[in-house]
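So, here come the structures, one by one.
One chain, chain A, appears in both complexes that follow, with chain B as partner in the first and chain C in the second.
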Partner chain A sequence: MDMHKYANPARFNKLADAILPWSLGLMALAFGTGLYLSLFASPADYQQGEMVRMMYIHVPNAVLAQGVYVFIALASAVSLIWKHPLADLSAKAAAPIGAVFTVLALVTGAIWGKPTWGAWWVWDARLTSVLILLFLYFGYMAIWQAMENETRAAKAAAILALVGAINIPIIKFSVEWWNTLHQGASILRLDGPAIHPDMLWPLFTMMAGLVAYFVTVLLWRIKAEMAARKVQNLRYSRAAG
Partner chain B sequence: MSLMASSRRKGSRARQRLILFLAAFSFLAVAAALVIFALRDNFQFFVTPSQVSERGIAPGQRIRLGGAVEHGSFTRADDGLTLHFSITDGVAGLPVRYKGLLPDLFREGQCVIAEGALDEGGIFTATSVLAKHDENYVPPEVAASMAQSGGGMDCSDFAQPAEEARAS
Partner chain C sequence: MRLFLNLLRRDVLLAFRQGSASGMTVAFFVITVTLFPLAVGPDAVILARIGPGVIWVAALLSALLSLDRLFQADFEDGALDLLVLSPLLLEAVVIAKAAAHWLTAGLPLLLIAPVLALFMNLDLEAFGILLLSLALGTPALSLIGAVGAALTVALKRGGALLSLLILPLYVPTLIFGVSAIEAAITSSDPVPSLLLLMAVSLVTLAISPIAAAAALRLALE
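Entry: the complex of A and B
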């Protein structure tokens, strides 16, 4: 398939408009059932009690914070190597969404940590590497804001995103390579999830909702970005003409 | 004809950029791995009781001590405020003295991390105690039946880092 044909804004808009009702519907459905399952229809934990419900917000945001960054890094590689016009546009559009997920993961983690651990924040490897992820998002967004020339900004931002991608495996394996206060992996681990199915399914539902949210907002933001570039091009051509 | 040539030139340029990208990224990954390996001890959040004796940590040096609260070791002094318990990693244990608030999850068998220093008598005087939560999420009934069948959910993730430290 020739990916370059989706560089045509009209064609991309058509595709986005076909996806958007579905992603919006999935988001409403998954968040609706997910919130009911996680807040009412799931059991309390044997040692955390009701505090376990923070997990249904914290874990999807933490997973997506990293997932969106991986998306940005892949799009940046495509932008640098194959110069696909849509690649840097989607990376730019995704960054603020990922930054919000990271902030929510950090804030919900702190609210959970105070009663469970006894501290809002500690400088262990997991918490620190996620804070670095947030700073990478800020740096990435700042480069786009700081450079006037879009092409040069895209290149600089893409290089930053790719260098920062080294942080993603560090976040994932921080709880295995070093001892930390943060617990080890509960879902992606060799001997299967350590979360009881009654809690795992509400969690997966919330995660599906957040993925659908990301897809929806990403498509909206790309469409807006394309419209903005069109306006700018029209202005240039009017000024030139 | 000229159009075909230009598209071939474009393809070979993309291939050049791909090779450059892969080379640069591999160098970066190796560099990051070396830095992480060189600093591996600095990324540890706490030391275990075995590591305290191995490294000869001096009295008065502030550290975070991590391990499980030994079963049957918890006592409260007559003043009602000073708490005594031992932290163990399954190999070695250290007596801890602490005067302050404990987190809700604190109990015997739980993983905790105490911040403080050893005194001259070899007792660890803690200024704060944090509870470590494990990766298991289960409803209370399931946890109760697992404990009955012998599969207790006590803190178990301390033996491994201690072994790794000895191996290296």
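Entry: the complex of A and C
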């Protein structure tokens, strides 16, 4: 498949318009069933009681917070290697969404942490590395804003995203070395998930919903950005001519 | 190699002759550390407890202080264009500049650090490890900073953006640097932390020059 085919805005718009109804539909379906499953059809935890339902919001956001950064790093690599214009646009459009996921993961974590750990915030390894991830998002968005020339901003942001992506594992490791209180991973483990299927299904459904939400909003934002550039180009040509 | 050393010598000389940048960095380092006893009180036990962390955080901020000028002066007067055209690889130019930054802004911190350790009532036995951890960690500060400085070189007010970009990347250096000193104070083994600190510096040495050179080429396009 010719990758550069979709660098053409008209073609991309066609593709996006074909995907959008499906992603919107999937989002509504997954959030609908996911919320029902997680709020009503799943059991309360024997230790945490009803508070465990916070997990169905918290975990998908935390996973996507990191996932979106990986997406940005991959898009940045594509943009630096193949100079694909769509890669820049998708990285730029994804950043604020990822930052919001990160904030939501931190806020829901704090709300969940208060009754279970007894504190809104603790300087635990995972919390701290998610907070640093948020700072990386801020830096990434700031460099886009600081440069007026879009092509330059795109390249600088791509370099920064890749440097950040290489550093994220090092930061995570160092922070874990520093302190750890958060429970370890309980879904992705070699000996199978340490979580009951009754809780796993609502979690996966909510995660699917959030991914569909990400795709939907990402496509909207790319379309909006393309439209904004078109408006600007029209203004330039009117001013010139 | 001769070109590399010439560039290094030029940058160190420039730093010393153009209104002592090192002096300012050291002064900032000392004053920042001095503020902490004033803020938390003169209790010797508390100061000894927070001492390693305070000294390291102050070192991070002091390194940051002089970074925004790392490439900017050469960018403004056109010397950077000549450096790009020179037979020396741009990646090597970045290493030379970062080395000059370390010699003028990192090494002086090391020399004054024992005095600050006395201020903070640090255990005398930990002095050696404090110096060792600063010696192994501060090169990473200059190298990571070079990436941020290269990315913000063409911006008028790059300083605030620079700190937002690179302070999160300083986290591993800070953690391993402080944990080495804490290990020495609690008389456990500081070697693992020091080795990790060295690993951070070496990884940074491998990655930063490439990223910073790419950013400089972009700025000169």
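In the analysis below, the second predicted complex is superposed on the first by the 228 of 241 C-alpha atoms of A that agree within 3 Å, B and C clash if a C-alpha of one lies under 4 Å from a C-alpha of the other, contacts with A are read in each partner's own complex, and residues count from 1 in each chain.
Throughout what follows, a contact is a pair of C-beta atoms (placed from the backbone, for glycine too) under 8 Å apart; a residue touches a chain by one contact, two chains touch by 3 or more.
Keep in mind the model is a prediction, meaning the values are calculated, not measured.
Colleague: Between chain B and chain C, whom does A:V163 touch in the aligned arrangement: first, second, both, or neither?
Modeller: both
Colleague: Applying the touch criterion given at the start, work out whether A:I195 contacts chain B, chain C, both or neither, answering first, second, both or neither.
Modeller: After superposing on A, A:I195 lies in contact with chain B but is clear of chain C.
Colleague: For chain A, which side has the bigger count of touched residues, chain B or chain C?
Modeller: After superposition, B is the partner touching more of chain A.
Colleague: Please work out whether A:F135 is in contact with chain B alone, chain C alone, both, or neither, and reply first, second, both or neither.
Modeller: second
Colleague: Of the partners chain B and chain C, which touch A:G118 in the superposed model: first, second, both, neither?
Modeller: A:G118 sits against chain B, while chain C stays out of touch.
Colleague: Give one of first, second, both or neither to describe whether A:I171 is in contact with chain B, with chain C, with both, or with none.
Modeller: After superposing on A, A:I171 lies in contact with chain C but is clear of chain B.
Colleague: Report for A:P43: first if it touches chain B alone, second if chain C alone, otherwise both or neither.
Modeller: In the superposed model, A:P43 contacts chain B only, not chain C.
Colleague: Counting only touches as set out at the top, which of chain B and chain C does A:V52 meet: first, second, both, neither?
Modeller: first
Colleague: Have a look at where A:K155 lands relative to chain B and chain C in the superposition and call it first, second, both or neither.
Modeller: In the superposition, A:K155 touches chain C alone.
Colleague: Which of the two partners, first being chain B and second being chain C, lies in contact with A:Y236: first, second, both, or neither?
Modeller: neither
Colleague: Does any part of chain A touch chain B in one structure and chain C in the other, and if so which residues?
Modeller: Comparing the two interfaces on chain A, one with chain B and one with chain C, the shared residues are 80, 162-163, 166, 170, 174, 177-178.
Colleague: What part of chain A is in contact with chain B in the complex they form?
Modeller: For this pair, the touching residues of chain A are 43-48, 52, 55, 77, 80-83, 115-119, 122-125, 162-163, 166, 170, 174, 177-181, 183-186, 189, 194-196, 198-199.
Colleague: Touching chain A in the complex: which residues of chain B?
Modeller: By the definition above, chain B touches chain A via 14, 17-18, 21, 25, 28-29, 32, 36, 40, 43-46, 48, 66, 101-105, 113, 128-144, 153, 157, 161.
Colleague: Which residues of chain C touch chain A in the complex?
Modeller: Those in contact with chain A are residues 147, 151-152, 154-155, 158, 161, 164-165, 167-169, 171-172, 175-176, 179, 196, 200, 203, 207-208, 211, 214-215, 218, 221.
Colleague: Mind listing the chain A positions that touch chain C in their complex?
Modeller: 80, 132, 135-136, 138-139, 142-143, 146-147, 152, 155-156, 159-160, 162-164, 166-167, 170-171, 173-175, 177-178
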